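Across the two complexes that follow, chain A remains constant while its partner is chain B and subsequently chain C.
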Partner chain A sequence: MTIFIIQVLNSLFYAASLFLIAAGLSLIYGVMRIVNLAHGTFYALGAYVSAWAVGTAFGHAGGGGWHLMGQLLLLPIGAIAIAAVGAVIEPTLLRPLYRRPEEYLLLITFGLLMVLEDSMKLIFGGTPLSAGTIMDAMGSIPIGRLLYPTYNLVVMAVGLGAAIGLWWFIYRTRFGVILRATSQDRRMAAALGLNVSRVYIQAFAIGCFMAGLGGAVVVPAQAAVLGMGVDALILAFVVVVVGGLGSLEGAFIGALIVSFVRTAGIQFFPEIELAVLYLIAAAVLLVRPTGLFGRA
Partner chain B sequence: MDRRTFLNNIGLTVGGAAAATTMPVIGPSVAQAAVAPKGNIPSTPLKMGHMTFLTGPAAVLGEPSLKGHLLAAEEINAAGGILGKRKIETISADEQAGTDANVKELRRMKLSEKIDLFTGVISSGNTPALGPVAEELSLLTIFVDGCTDFLWDKAVPNPKYTFRITNIQSADGVTCALAAAQTWPKAKKIAHIHPDYSYGRNAFDHFMIAYSKLVPGAQVVSEGWPKLGTTDFTAHITKTISSQPDLIVSSVWGGDYVALYKQALRYGMFKDAKFASTIAFGVAPHAIGKDHPEGAIAGVHSNYYFTFPPGNRWPANKTFVEKYFKRWNEYPNFQSDGAYHTLYMYKTAIEKANRLVGGWPDEEAIISQLEGMYYETAAGYLYIRPDNHQGYKDAVTGFSKNVAEYPFQILDPATMITIPIRNITAPPNWPKPGQGHNDPTATYNWIKETWPQVT
Partner chain C sequence: MNPAAHTEVSVTRTSIAAVAILIGLAVLPYVIDIYQVQLLTYGLIFAIAALGFNLLLGSTGLLSFGHSAYFGVGAYTVAFMVRDLGTVSMELCIIGGVIGTTIIAALFGYVCVRYTRIFFGILTLALSQVIWSLAFKFFWVTGGTDGIRVPGRGMTLLAGLIDFKGSGAFQKFVFSYYYYVLVIFAVVAALMWVIVHSPFGMALKAIRDNEVRARFVGLSVRRYRWFAFIISGAFTGLAGALWVPLNGLTTPDILYWPFSGEIVFMTVLGGFRTFTGPIVGAIAFNYLKTYAVASSAYWQLVLGVVLVVLVLVLPNGIIGTAQQLFRKLRRH
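Let's look at the complex of A and B:
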């Protein structure tokens, strides 16, 4: 039973980080029809920036409550930084290519992935960066005879909070209406006097913010390592394939499905852990080619 | 046969360093007096291709390889080059590009860059693809790692141009098993976490075949096979703990391992079970924090850790570590040692061949000198077996410990475990897989058939 509870918590933790990555990917695609191959790398960059900020400001020693609060408050720096990066990249790198076939956008975001991966190594070095002091300061909760890291609950809360916030933002605010209108028909939105360029920058920056936030909240638990973005990108694609590209609900449900199936695979069928995620994606594609919540 | 006799027969020794503390300090070995080269030596530079992981989670293992290579090249160039004339120019390539791209890069290096030597390579997924191509191109190749048994068992069964420096992979699982059986002989319930590709599979197989010879009744209670490059290990950790193992064995490496141990700490995975890894401390030493559990068997791919052999007993190590630290401001790992001495062995082979034939020796002459070479490396003597071109040196592993001198956790030189390599690897001409048996490797079959069972 204890194991069951912890594995459920593990799955929710994993789902939270998957959702943060996949939601941004999905949002950007939904509004702008860009498959952003550099999205996983934004996630990694968020992790590096936050780990660097926490490490620089607080060193690697532990500390008291204020110390911990300060570190937690510093974490979102990664997300903000990546949103800023996104706001610069969209008008300079992507916008000139909107009139070209979409292969150009695939190529340029892939190129961006390569450049950013190398830049991270250049700036932060090859050694993994950790913000583990936060994990250590928050300790663990005993569950039965086992331990569960308290911080992981924070990650789940952030994941859930981000999902609710994003939903409210898209479906309950004026900006959300503009966003959805632009996503449905860009030309019509422009004809009605909306500033589509500005909506694009904002949408791209929000998508990047989500990726950066994913990296920022995960880094105390896992450490920032080179290459983590590429792995994250692949997983995010599995999530959006299952949930449906461009759908917020899809990203949410997709992240939960992928995460729980992966955990079940690890627990019961360790030999096929690698295959199990792709099996789900393949099964969904066969039954519903647009994903569970996807639009045709 | 009992376990103690068995381990004595194998020749496993613990903490050779303790006795050495009273020995006089010996100065670094004096370099051999340079002999003037025979014949005409061209002054064109020697081109070398060095491929290793420069990006991705494996970079923390791979960058030190390039650093070791460059250090040796700079030293050789500063002394005038090989045979006093030919300086080394290095082209590096990122192994992270993937196996197919790596094979293309190897061809490009040979055909358009005209390299004289290809070296480096870490992944066991890559050497079996690169080896046959190097043979086809007649390109002298000394792999630093990528140490799968499969390379010589199947992919390149009769190597001519390809060599490899670091210990063969089967030795890694076996070394870990012997160290664990020596240290915790009562551990019967074993949980495994290995990366799901050839290295992890190999470590699992060889650990279990050797361990079950030594510890009757040993059984696998849990298996985890995370993908290479995984950063979330929480589900694997919970599963491992849930099986209530006596001993957890892992071959997760590089940045993946740093993520694994940090998560495992918070779940209390190291509290109730012992931990043995084949390669935990294979990364650049400073990547392991002081929060890593002490007293774990933290392997170094059974090759080399910079604190051992201690400098007073083996000056070659002291000299190497000092030079490396001076150049890079960090400590070397086993890849640094492998890459550095690869170049020096190549240089030595050329000098010997020059003395025999004069002028710049051709590939055949260099190969003949590399085959059977004995060389004093930082890790100890390294022997290149002529039949399979594989480097053999005594296998080592050790226990993690925090000491004041280093800002990271180290392997304690006083308790390092050393095992003569001939006692844990199949001898020359032992049947390879497919020749009368279908076991994973020749060594696996050799252990299964010839090792006594401890009762």
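Let's look at the complex of A and C:
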């Protein structure tokens, strides 16, 4: 029973980080119709920036409560940095391509992926970076006869908070209305006097922020390593495809499905756990190409 | 000049140019060193893969982001044949590799051609990653990340007529294998040219340009796309089969999705709206990558910048841009 609870918690922890990546990917696709192949790399970059910032500011020595507070407050810096990167990339690299066939947009994000992957190696070096001091400082809570890291619960809370925040933002604010209008009909939105270019920058930056936040919250638990972005992207794709491209609810449910299947897979059928996920994605695409929550 | 006569002229001109280039390529190994010969062989092999890929992108208008699957299935089929069946004949390996790939391409293609545009891309990507994850996880069958070794000098060419024993076996292999690949490349490129210019190829272009109208004319759109998918996969699988003995090793890397991206990259580098674009692009990409890897630890950065600049400034690729310049000069 204890093992079962731990596995459920692990799934939720994994779902939280997957949701953060997938929600950004879905938002960018929903508003701009861009499949961002560099999205996983933004996630990795967020992890690196946060780990670097925490490591530089606080060193590797553990400290008291104030120390921990400072580290936690510094953690979201990765998300902010990636949002800034996104705000620069959209107008300079993506905007010139909107009039061209969508293949070019896909290709340029692939080029970006290659550039950013190696930039990370150049800036942060080949050794993994970690912000494990936060994880250690927060200790663990007993579950049955076992101990579970408290920090993982923080990640789940952040994931849930981000989901609620994003939902409120998209469905309950004026900016959300503008965002949805642009997503449904770009030309009509422009004709009604909305500044579509600005909406695009904002949407891309928010998408990037989510990816960076995903990296930032994960890095105390798992070190930032080269290649983590490339691996994460495909799983985020599975989430988005299962849930429906461009759907926030879809990303939420999709993240839960993928993480529970994966946790069960690692436990019961480790050889084919990844294959099963990709097959689920393919099957959903076949039966319901718009995903479980997508609109045509 | 009527259009038919124009095509005839261009056919003659194309074949003369093609023969001249092939003669040039045949003489080349006597001029350049063995390492360069090996590099060029890699380039020709990737050219076959890119040609196959471009039947989907250029002629049919479908962007596959999962062609690593067909390259990899071709490669792994050969590796299994060599390791488990003790096959040494390269011809048998090629036949096996192409059959294996055709089966997978027929299966995946049947599913994928139901969609176009971005859904097609994601579906091909997802299915290719199924194969990757199997190769990655079933390490007792595939060797996992260690892959399977297939030493080239252990193979025989032309039904056992040429083998590689004794001293200098590797050099002998590289030298002979270059010609072996060159001949296959010439045959395959000619075959693709015929396919693209056949009524079948024209039908694909009609579907690409206007699907609804093509359907009204009576074309079975989905079946045409499926056939194009299978042919495309088989070409790429052939390239994979040829690649293994030259590389000496096959690993899951060639099944992982960034390799699919490299195939797209090659094709766009050369120009996907022209027939020769993918060939030139593949050879150029191979040189570019090899020298970037040799000269810098940050080769991906170099390639990425090239791709970004290419998309922004030269979207028609090397051949497309050259053609535009040529036309401009002629007009003046």
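Definition applied: the second predicted complex is superposed on the first by the 296 of 296 C-alpha atoms of A that agree within 3 Å, B and C clash if a C-alpha of one lies under 4 Å from a C-alpha of the other, contacts with A are read in each partner's own complex, and residues count from 1 in each chain.
Operating definition for what follows: contacts are C-beta pairs under 8 Å (C-beta built on N, C-alpha and C of every residue); 3 or more make two chains touch, one makes a residue touch a chain.
This one's a predicted model, so the numbers in the text were calculated from it and none came from an experiment.
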**OP:** Determine, for the superposed arrangement built on chain A, whether chain B and chain C clash or fit.
**Re:** clash
**OP:** Classify the contacts of A:266 with the two partner chains as first (chain B alone), second (chain C alone), both, or neither.
**Re:** first
**OP:** Could you say whether A:178 touches chain B, chain C, both of them, or neither, answering first, second, both or neither?
**Re:** neither
Original post:
Looking at the overlay, what does A:127 touch: chain B (first), chain C (second), both, or neither?
Top reply: first
**OP:** Mind working out whether A:7 is in touch with chain B, chain C, both or neither, as first, second, both or neither?
**Re:** first
Subject >> Contacts of A:253 with chain B and chain C, given as first, second, both or neither >> reply: neither
Original post:
Given the touch rule stated above, what does A:20 touch, chain B (first), chain C (second), both, or neither?
Top reply: neither
Original post:
Touching A:102, do we find chain B (first), chain C (second), both, or neither?
Top reply: second
Original post:
Given the touch rule stated above, what does A:230 touch, chain B (first), chain C (second), both, or neither?
Top reply: both
Original post:
Which of the two partners, first being chain B and second being chain C, lies in contact with A:135: first, second, both, or neither?
Top reply: first
Subject >> Overlapping segment of chain C (options 242-250, 260-268, 296-304 or 314-322) - the one that collides with chain B in the superposed model >> reply: 242-250
Original post:
Do any residues of chain A touch both chain B and chain C, and if so, which are they?
Top reply: 117-118, 121, 230, 270-271, 273-274
Subject >> Interface residues, chain A side, partner chain C - complex >> reply: 33, 35, 37, 93, 96-97, 100, 102-104, 106-108, 110-119, 121-122, 230, 234, 237-238, 241, 245, 270-275, 278-279, 281-282, 285-286, 289
Original post:
What residues of chain A sit close enough to touch chain B in their complex?
Top reply: 3, 6-7, 10-11, 13-14, 17, 60, 117-118, 121, 126-128, 130, 132, 135-136, 140, 146-149, 151-152, 218, 221-223, 225-228, 230-231, 262-263, 266-267, 270-271, 273-274
Original post:
In the complex of these two chains, what residues of chain B are touching chain A?
Top reply: 54-60, 63, 96, 196, 222-227, 229-232, 234-236, 238-239, 241-242, 255-256, 258-259, 262-263, 266-268, 284, 286-287, 289, 291
**OP:** Would you pull the chain C residues touching chain A in the complex into a rising list?
**Re:** 57, 63, 65, 111, 114-115, 117-119, 121-123, 125-127, 129-130, 133-134, 136-138, 256-258, 261, 264-265, 268, 297-301, 303-308, 310-312, 315
